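Some structures to go through are shown next.
What follows is chain A paired twice: with chain B in the first complex and chain C in the second.
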Partner chain A sequence: MRIGMPHMGNLYIPFKALFQRLGVDFVIPPVNNQHTLSLGVKYSPEGLCIPFKLTLGNLIEAAELGADTLLVPGGSGICRLGYYVTIQEQILRDLGYNGEIISVGFSQHKLSGLLKTIKHLSNNAPWPKIISAFRFGLAKLNAMDRIERIVQKVRPVEEVKGTANQLFTKAINAIDKANDYAPLKKVQVDYINQLNQVTKDDIQPLIVGVVGEFYVLLEPFSNLDVESELGKLGVEVRRTTFISEWTKFTLFLNPLGVNEKKRIHKAALPYLKRDIGGDGWESVGEKVLHAKEYDGLIHLAPFTCMPEIVAQNIMPSTKEDIPVLTILCDEQIAKPGLSTRLEAFVDLLERKRRAHNN
Partner chain B sequence: MEAYLGIDVGSVTTKLAVLDKNDKLVTHIYLLTQGKPIEMVQQGLKQIKQQLPKDVNLRSVATTGSARYLAGVIVGADLVKNEITSHAVAALQYNPEAQTIIEIGGQDSKIIIVRDGIVTDFGMNTVCAAGTGSFLDHQALRLNMTIEEFAKRALDSDTPVRIAGRCTVFAESDMIHKQQMGHRTEDILYGLCQALVRNYLNNVGLGKEIKPPIVFQGGVAFNQAIVKALQEELNTEIIVPLHHEVMGAIGAALLAHERIADNNNGSKFKGFGVSEVKYHTSSFICKACPNQCEIAQISLNGQVLARWGGRCDIWERDPSSQKL
Partner chain C sequence: MIKVGIPRALLYYQYYPMWKTFFEEMGAEVVVSPPTTQTMVSEGSSRVVADTCLPVKVFCGHVLSLVEKCDYIFIPAVRSVKRRVYNCSKFLGLPDMTKAVIPESPPILDIDIDVNQGKRKLYHNIYKLGRHFTWNPFKVRQAAIAAWQSFLIYQRLMSCHRLTPPQAIAKMTGEIEPKAPSLTQTTIALIGHPYLLYDEHINHRLIHRLEQADNKILTPETLTKEELQSAIARLVGRAYWTYEDEIVGAGGHYLQSGADGVIGLMTFGCGPDSLMMDIVRRASKLGTTPFMSLTLEEHTSEAGVTTRLEAFLDMIHRRKRRQVKVCA
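Entry: the complex of A and B
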């Protein structure tokens, strides 16, 4: 059995660690690039969203590399994501793929479902071995996110632009190579130290929250790496959504009745009373919740994403008032247009702050 | 004489403006870019030099517009600024009370919302040029008349024809249909103006609170028929500043002056001599990863001055040191 799955940020690293420990053959398709996107666009219905197109591209590339078991994100009641498995399977079959397709419905099965899937994939490995491999994967996930949080803080203030990003790339590679807890710990401490020692300018960066749909938030290729662009413009990015946080709550704490999103939903209530699928409710809630603490908000949405379109149209009416720039992500998005808007948005925030201080 | 230069290189036109130390407009130049941004910047510099006194001392230079980085490298700009900020700054200089700024250029159109003299929101056309000057240019070409004649004749319309303006191509089919039905050319022309205004307000202006005073600038503000259509659609007075077509360049010059106040390190301006230099541009496909980015580069005497166009910044970091 050779397993392949779509990309989302660096998520392949914890999965690689997990499958390595279980002795399962795991193939990693090329990280998202123009070719992946072209493949996805070519074989997808045009009106579908960029997460669908990119993940389809990944699956095709994984199959080309010999994967005979594809893990496809699915589940129901979220948004169109619920139909991904069905449509992507159809497309892959039409393209001549004969292997197995397994729906990984994170939101539905929660922890037990995921573990059962892993047991099946590992050819019925003993439970202790599965749990141990799963824990190690989680440890890598947590290490990556811990470092990324610091990278977000260093980007706007680093003296030499690009330093934090270079360290981040190196850190991710080192985490990937770490084969046990001790080296992993060392990598983490090492890179956190290096990031802390980067020479920094003495400036008070603007704070911009990045909210919106889960996939486009976490896959830099789909949003033209908007966080790095903002960093270059001297803006500190705050993001609530991290895969490690999501995993912690969805798999472990939500079943115990702890819901981190309650706060966000409560904040959204005066403007939106219910879940509208995807992350639309959270986008509105985050604006309300963080209006005082952030200077502005970047709202990322896949083009044609209904939950985020609803959120986009509700946002201007909240009385908690901060500037919002909505960026629609699809295969048409281009860097010059994005840069112009980001630069203008940052100017707007900068001038607003200056006027406020005077 | 102490002066500040702003250069706005857009898709269709190139504008230069010089301000004195009191931010008063000394002189300005308006040229067609014609797809040759480097040559036009050089030509603009040459022309503007002739209009300036001999003792002129350019203390700071800023570039803006879609070719702002390219222009910045050529002239040695102290500041490279996006066109949204430049337009807002210029509009507020002449009309401090403005609450809405409409700017319609050759291939883009913007709306800028201002409250208490501070920009609070903006919008810009995304995927389509149907609400921009190029739309009108294209239709004028089809009707075999100049854009100036287009504007003049459109004002003679008394029963404008409703034309679908969502898409330039479909607008054309609709226009041909109306011609075949026997409608007057004047009525079709004004119908096109109304279509542009509707398209602009429905796309760029969507969800924005458009409050007066409204300032209208950009090349399309030359077109009195569009001004009239905007006035009718918004049911309020539209202010067109005297130098509406060079407001981007004026804004850049204002920002260049503002920069001096913050940081007076002398100017990086390379002098008017750059109008004589021969720049070389080329491009290549980067092979560092599978993204196949098209990297453009500009060089002078074999030395690369700048590179851009990649998804990442490996070619931008230090252009002179990297080999292909």
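Entry: the complex of A and C
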């Protein structure tokens, strides 16, 4: 059995570690690139959102590499995600793929469902082995996100632009290579030290929150790496969505009744009374909640994303007023257009701050 | 007397008789916005962000036309009318979104409809809606039962008497008698949401045009629940979207039997339709019934629609002539 799955950021690293430990053959399709996108666009219905197109491209490329079991994100909810499997399966079958397609639903069974899927994939490996492998995968995920948080802080203030990004790439590779907890710990400490030692300018960077739809937030290819772009412009990026956080809460704490999003939802309540699916509620809530700490907000959404359009319509009406720039991600988005808009946005924030200080 | 405004858009076509009965039983007067006009579309579009879908823009236009004509505007948030089947985000966010983009609108009466939360919660929500008019729970209960009755009559008028929603509404309110369908040879099935099929402005009088060209029109409403369900089961297994019947169910059914051609209507940027129309398109490739999908938006020019329509009808007529010849 060869397993293939779509990309989302660096999520393939923890999964690779997990499957390696279980001795399962795991194919990693090429990281998202123009070819993946063209493949996805070619075979998707035109009105679909970018996450669908990119993940379809990944699945096709994984199948080309010989994967005979594909993991497709699914699960029910209000946005189109719940329907991905139905259509992606039909498209893959039309293209002649005849292996197994497994829908990994996160919304219903959560942890037990995920573990059962892993058990099935690992040919009925014993539970202790699965759990230890799962823990190791999580450890890698946490290490990556810990480093990323520091990278976000270093990017705007580093003296030589691009240093933090280079270190981040190296760190990701080192984490990928680490084969046990001890080396992993060492890599983590090592790179955090290196990042802290990067020579920094003495400036107070602007703070911009990044909110929006889960996939485009976490897949730099789909948003043209907007965080690095902002870093180059000397802006510190704050993001509350991290896969490790999401895993921690969705899989472990939410079933126990701890809900990290309650605060955000409560903040959104005067403007949006109910969950509208996807991440729309959170987008509105974060604007209200962080209006005082942030200088501005970047709202990322796939083109035609239903929940985010509702959020985008509601955002300007909130009393808590900070500048919001909505960036719609689709296959037409281009770097020069994005940079121009970001520069203009940052200029505006800087002027606003100067006016405020005077 | 309290005046409750109901915009003639989106869910109006599915539930208007029910809402009307409910509010009238509560002692309110119901005001419906006039049929869509170009001004409404432009004014609605100017309020929301560009990517919002056409039906929501039209909806905003209708709400704007009701401003100052009523004391309340009724905008329900319909999350789910069947267990574990969901609705598009835009329906859920509708009351809040309207409030955000049209601050001058009269107070909005909203109600959460979500059957996943159980009957108790649903009844509670209905009572909460009724509280705007009366404190008496029995009166609310009576109104709700009457509303449900008129909904059932409305549905029966459509599925048994084969009336389209506007005809059925006209019959129930006693405005005009629906005309009897004329005898024709070609049958065209239209699939799509009622707010597209029956809004003559958005779809450039599609039904009227087809009838003028001597075609019999079939719509999703004229099918029974069982027919729709069996087609859905065949094509996708289990329904996921609340209004999937109208597209996948009806499309699947008519592609297999009963129609000479199927026309799918959708709007640009519609989330659920982008997937559901694709399922129908795929199904159409397996059979022999021709299928055409028309995508509408506020820029759609009438000429484009008519040209495609004529070409499609010509093709169907030619096909029929050839079939007749082969039989003879």
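In this text, the second predicted complex is superposed on the first by the 357 of 358 C-alpha atoms of A that agree within 3 Å, B and C clash if a C-alpha of one lies under 4 Å from a C-alpha of the other, contacts with A are read in each partner's own complex, and residues count from 1 in each chain.
By our rule, contacts are C-beta pairs under 8 Å (C-beta built on N, C-alpha and C of every residue); 3 or more make two chains touch, one makes a residue touch a chain.
Please read these numbers as outputs of a predicted model, since none were measured by experiment.
Quick check on the chain A-based superposition: chain B and chain C, clash or fit?
Result for chain B and chain C: fit.
Looking at the overlay, what does A:Glu331 touch: chain B (first), chain C (second), both, or neither?
neither
Once the shared chain is lined up, is A:Cys79 touching chain B (first), chain C (second), both, or neither of them?
Only chain C is touched by A:Cys79; chain B is not.
After the superposition on A, what does A:Glu89 contact: first (chain B), second (chain C), both or neither?
neither
What is the contact status of A:Asp68 with respect to chain B (first) and chain C (second): first, second, both, or neither?
Neither partner.
Tell me which partner touches more residues of chain A in the superposed arrangement, chain B or chain C.
Comparing touch counts on chain A for chain B and chain C gives C.
To the nearest 10 degrees, give me the chain B-chain A-chain C angle using C-alpha centres.
Seen from the centre of chain A, the opening angle is 80 degrees.
With both complexes overlaid on chain A, does A:Gly280 touch chain B (first), chain C (second), both or neither?
Second partner only, chain C.
One more residue to check, A:Glu245. First (chain B), second (chain C), both or neither?
After superposing on A, A:Glu245 lies clear of both chain B and chain C.
Quick one: classify A:Tyr271 as touching chain B (first), chain C (second), both or neither.
Touch status of A:Tyr271: second partner only.
Looking at A:Leu48 after the superposition, I want to know if it touches chain B, chain C, both of them or none. Which is it: first, second, both, neither?
second
After lining up the shared chain so the two structures overlap, which partner does A:Pro307 touch, if you call chain B first and chain C second: first, second, both or neither?
Touch partner of A:Pro307: chain C, not chain B.
On the combined arrangement from the superposition, state the nearest Cα-Cα distance between chain B and chain C in Å.
So the smallest C-alpha to C-alpha spacing between these two chains is 5 Å.
Where on chain A do the contacts from chain B and from chain C line up?
313, 316, 328
Spell out the residues on chain A that touch chain B in their complex, using ranges where they run on.
Residues in contact with chain B: 30, 33-36, 162, 224-225, 313, 316, 323, 328, 332, 335-337, 339-341, 343-345, 347-348, 351-352, 355.
Quick one: in the complex, what on chain C touches chain A?
Within the complex, chain C contacts chain A at residues 48-49, 51-53, 77, 79, 84, 86-90, 92-93, 95-97, 99-101, 103, 110, 112, 236-237, 240-241, 268-275, 277-279, 281-282.
Which part of chain B faces chain A closely enough to touch in the complex?
So the residues of chain B in touch with chain A come to 66, 81-85, 117-122, 124, 126-127, 207, 289-293, 309, 311-313, 317.
Give the list of chain A residues in touch with chain C in this complex.
45-49, 76-80, 82-83, 86-87, 90, 94, 271-278, 280, 303-307, 309-314, 316-317, 326, 328
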